[in-house]
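Please find the structures below.
Here come two complexes built around subunit A, the first alongside subunit B, the second alongside subunit C.
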Partner chain A sequence: MDPIRMARASGRGEGLLRPMPVAGGAILVMVVLAVVAFLPAYQTELVTQMLIYAIFAMSLDLLVGYTGLPSLGHSAYFGLAAYATALLALKLALPFWLAAALGLACAVIGAFLFNLLALRTARAYYLMITLALSQVLWSLVVSWTDVTGGDNGLPGIARPVLGIRLDGAGVWLVFVALVFAVSTLVMWTLVRSPFGYALRGIRENEERMKALGYNVWRYKLLVSMVAAFFAGVAGILFLSLNSFVGPQALSIALSAQVLLMVLVGAAGTLFGSIFGAVAFVLLQNVVSSWTERWLFVVGAVYVLFALFAPAGALVWVRERLRSSRGRSR
Partner chain B sequence: MSVLSVRSLTRAFGGLKALDDVSIEVEAGERRVLIGTNGAGKTTLFNLVNGQIAPTAGSIWLMGEDITGLPVHERVRRGMARTFQITSLFGGLSVYENMLIAQQALSPQHFRMTRPASHFEATREEVRATLDQWHLWHLRDEKVATLSYGVQRQLEVILALASKPRLLLLDEPMAGLSVEETHHVTDIVLALDRSISVLMIEHDLEAAFRIADRVTALDQGCIVADGTADEIRNAAALQRIYTRGGALGGRS
Partner chain C sequence: MSFWIVNTLNGLSLAMVLFVLSAGLTLVFGLMQIINMAHGSFYLLGGYIALSVIQASGSFLAGLVTACVAVMLLGAGIQRLMLQRLHKQELPQSLLTLGLLFIIADVAFWLWGGNAQLVPKPAVLEGAMTILGVGYPVYRVAIIGMGLFVAVLLWLLLERTRVGALVRAGMDDEEMVRAMGINIPLIFTGMFAFGAGLAALGGVLGGPLLGMFPGADFEVALLAFVVVTVGGLGSVRGAFLGSLLVGLVDNFGAAWFPQFSLFTVIVPMVIVLAIRPTGLAGRA
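Moving on, here comes the complex of A and B:
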């Protein structure tokens, strides 16, 4: 049998996190159908948000968890795609799908240009330069009021039509779930591909990768563009969910939140990011309905994770399962 | 034609010349060992040949091609491989995954992202055959960081060989090994095919003299002796530099 398939966890939860795509897809379909059938619009919107954030978080995991590139500016691509799509749809009256395609192209080109500069650095310096570059975009959006609407953002972007109108909360959730499934499948395939193994190698030991003949810089640049593409997908879905985009979409707060989703879920596992996104949306929306001090609760939860599950939730679960299996033997 | 030709290589760090006008030729199939005390310039020479640092002056030729300005990965693609003084593996990954990454490095599919690595039958078979050949197949699922130091040093050499190099640079492969492990790694080096030329840094003089066709001694960035193992063992210059640092003829 193929040892890659049967290999035990690499220490970052990969062993646990190789669910069969069919099973994963079936669960997703059941959840979506149940939500659409039984939950009111608000909860349906929450699940939609979870899926969008999950795409966003998984895209960051490609950088942070798989390649070892700690980005604190990932919202740049999320916001860049959303703003570009909104501007093209509103100011140039382009059809939504064309505007979205060009918006995605902007995110990917943005990642290419950003990383021509950022990849000259590494580790904490990469984190700082990505933060700085995303802040440049944020300040541009806030100050260029005539075009971007400044702090007021750009409202009034209609949801697209895809044979049928995607206006209703239920039908929009189904569409987002479809995009989520395709995005997950593509990213899951990527991290298991030769390219994905090269990314793991770069994360573990960049010098050794060079000594084996890998052009490390090209891999980093390419994965940054792939990650920006999926961050852009999430940004455009978010734009359509709210029919609005504002400077928050480019903010450092959003970059930090998505980084926390990845770290809480378990970096380098891809599926951990889904857990992180679900936990984040639940904490943000459910806890805030109970108490005004919801940020305190959210902060406390993150501290607990840092103390007791520093490798992330899914790795924590895997270790518990492994130790309980060991005891039962 | 020499496999490696180092011509008048100089590397200065500020006012300090770590390597001063060094020239070495490594012939096809030759086992050349670099010896010298700490700070002699051996690893600097390796890093220059490998492309990790750029020379201040001089040039490096690999199989007749000037590679002085090429980055590390391009040199590997032209037939050069190296190991490191401090074990340099993918500690968080399994032995199998380490081997897979090394094996696919120069294959056409190394940039593919649309198919799982497990679907590339030829690479899988190569990985299996290599691990079988080196008696590591039973350790395939072990995380490399958990392996013994001796096995890690062995794996270091095996990863370097995955690219099927014409020139192999071994940076102190016996460092930190027990006597038994040293004999094992020495045997591995001796068993290498003669289509691979070897340039090796080694502090263990007994192992160095056993392996070497020729020995080059460096001191303070300069070549002070060069010849066969027997010639070098008795060279006055070598006696002088090693009596500063320890006994000659065994582990320095």
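Moving on, here comes the complex of A and C:
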């Protein structure tokens, strides 16, 4: 085994994540309060975006980092949930929460159906087929103009009411932060459960897991549905953030972006995905305010990461820490 | 009747552009297990470079040669300096090639602007000819010929030359080829450059039909992905079959169900994969 893989196999998921959910929660609360108190609406929405992308990236990390399923079609579930929710709320005039619940169900059922097909394959083929399946949805949405509005998307979905109206940027951020905290906690618990360790076993050696009597296919199917659920949560939050959903929500570009967030942070560490999401939103907004060449800059950052920190920022930092500690001894 | 002839020929000419493009993608994957996300970028660069050279020199051939050589050099550089360090590491490879996709898209936008531009056809191939009583553009017929020519050439190269034998051996058992003292890194660089060159050739040939515009890289890469997935990753024969299927389905689909253009391409792919997960000609 090469050293990078060994490093990832030995320490992935542990180490930097040990600073307990309590500390994480405290930091989150402080950040959210500070943002709501001091930052104007635009920046507040950026932070909201970061949290939404973080949920989305963590959900993909369950597949890419923990199970070793390289999906390049994860926007399918993000967009599916968002579109289903928007359509049910607009066309059938269902109340938002019911529409959102059904939207999430759509994402999970979609993941079940797609993976009946996709899980017949592995590795590069899995990547290609997930990409193609998400593209089926994208092209359906773009072409079925009567229902989905085509390229114009579906505008005019009001933010939900939860006792109070969740309209203002600050209130909405608090709500999103709550959903983020719960989602993170659930996924964090999941990857530390026997189920999570079985997933890592599948990533490292699928044949051995089969020999040990694990029904690998069922584990993969189940984790795909969980991942789709949280991707759907992110999709619905995004829909409400913008009061709008368009075909971009189902695009390859979005799937690629979220994959990049996971890889930049460090696949196989939920915290890395959060870092990746924050870095991505920052990079996109800061760089695009400096220069028109932001696509170039973003691309260059990815290339540099691939070359110098191929296992992701977190693993890179951990290795630096470890080697400096080794030297001082 | 003319409907069938025209759409079949249109489908075939698209199929041949796709074949030239996808052959590069599938060969690179077959040898090095790299899914090159930036393959469409090589297509875009090829088309744009040809466009500029043709505008400057007036010669289609000069444009074609310059574009292919320039993109091959670029490909060789990318493989030598970057991808070689990430051998067999799929996720960082995806990260790298996606990054390159962004960079090249932005540079192309910067240099060639945001408007769609058609690469000029060679003067000899302007105009129309009559096929089975139907008027049809000469250039499209030439593309079909060119695609078949490339297919035969690739077959000869892979099956009948020493380099081809080394490449096939590398696909089957890289370690063994290495152990026999063959310079496989050189073969890798060469193959990646060759694949990039094929993509550029696809851009030059397809440029007069499909045009070059920001986003063409993504669009065409997607079709190439469909082609190699249907055909089977790593198989040139599969890429040929896949291209025919995708090219024809795309044309007839667009003729019959114009509002569901991409959908009609992807549904047959899903069906093929449901029956044969490794594609028509793929190895398990």
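To be clear about the criterion, the second predicted complex is superposed on the first by the 318 of 329 C-alpha atoms of A that agree within 3 Å, B and C clash if a C-alpha of one lies under 4 Å from a C-alpha of the other, contacts with A are read in each partner's own complex, and residues count from 1 in each chain.
Keep this in mind: a contact is a pair of C-beta atoms (placed from the backbone, for glycine too) under 8 Å apart; a residue touches a chain by one contact, two chains touch by 3 or more.
Because the structure is a prediction, the values reported are computed rather than measured.
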Inset, instruction - Please indicate which partner A:P194 is in contact with in the superposed arrangement: first for subunit B, second for subunit C, both, or neither. - result: first
Legend entry - Partner chain in contact with A:P155 - subunit B first, subunit C second, else both or neither: neither
Inset, instruction - On the superposed three-chain arrangement, identify whether subunit B or subunit C touches more subunit A residues. - result: C
Inset, instruction - Could you look at A:E204 and tell me whether it touches subunit B, subunit C, both or neither (first, second, both, neither)? - result: first
Legend entry - Partner chain(s) touched by A:G213 [first = subunit B, second = subunit C, both, neither]: first
Inset, instruction - Scan A:P95 for contacts with subunit B and subunit C and give back first, second, both or neither. - result: neither
Inset, instruction - Across the two complexes, find the residues of subunit A that touch subunit B and also touch subunit C. - result: 4
Legend entry - subunit A-touching residues of subunit B, taken from the complex the two chains share: 50, 52, 71-73, 76-77, 81-82, 84, 88-94, 96-97, 100-102, 104-107, 109-118, 120, 123-124, 140-141, 143, 145, 159-160, 162-163
Legend entry - Partner subunit A, residues of subunit C touching it in the complex: 29, 33, 35, 37, 82, 85-86, 89-96, 98-107, 109-110, 218, 222, 225-226, 228-229, 233, 259-263, 266-267, 269-270, 273-274, 277-279
Legend entry - subunit C contact footprint on subunit A (complex, rising order): 4, 64, 70, 72, 117, 120-121, 123-125, 127-129, 131-133, 135-136, 138-140, 142-145, 252-253, 256, 259-260, 263-264, 267, 293, 295-296, 298-303, 305-307, 310-311
Inset, instruction - Report the residues of subunit A in contact with subunit B in the complex, numbered from low to high. - result: 2-8, 10-12, 189-190, 192-198, 200-201, 203-205, 207-216, 226
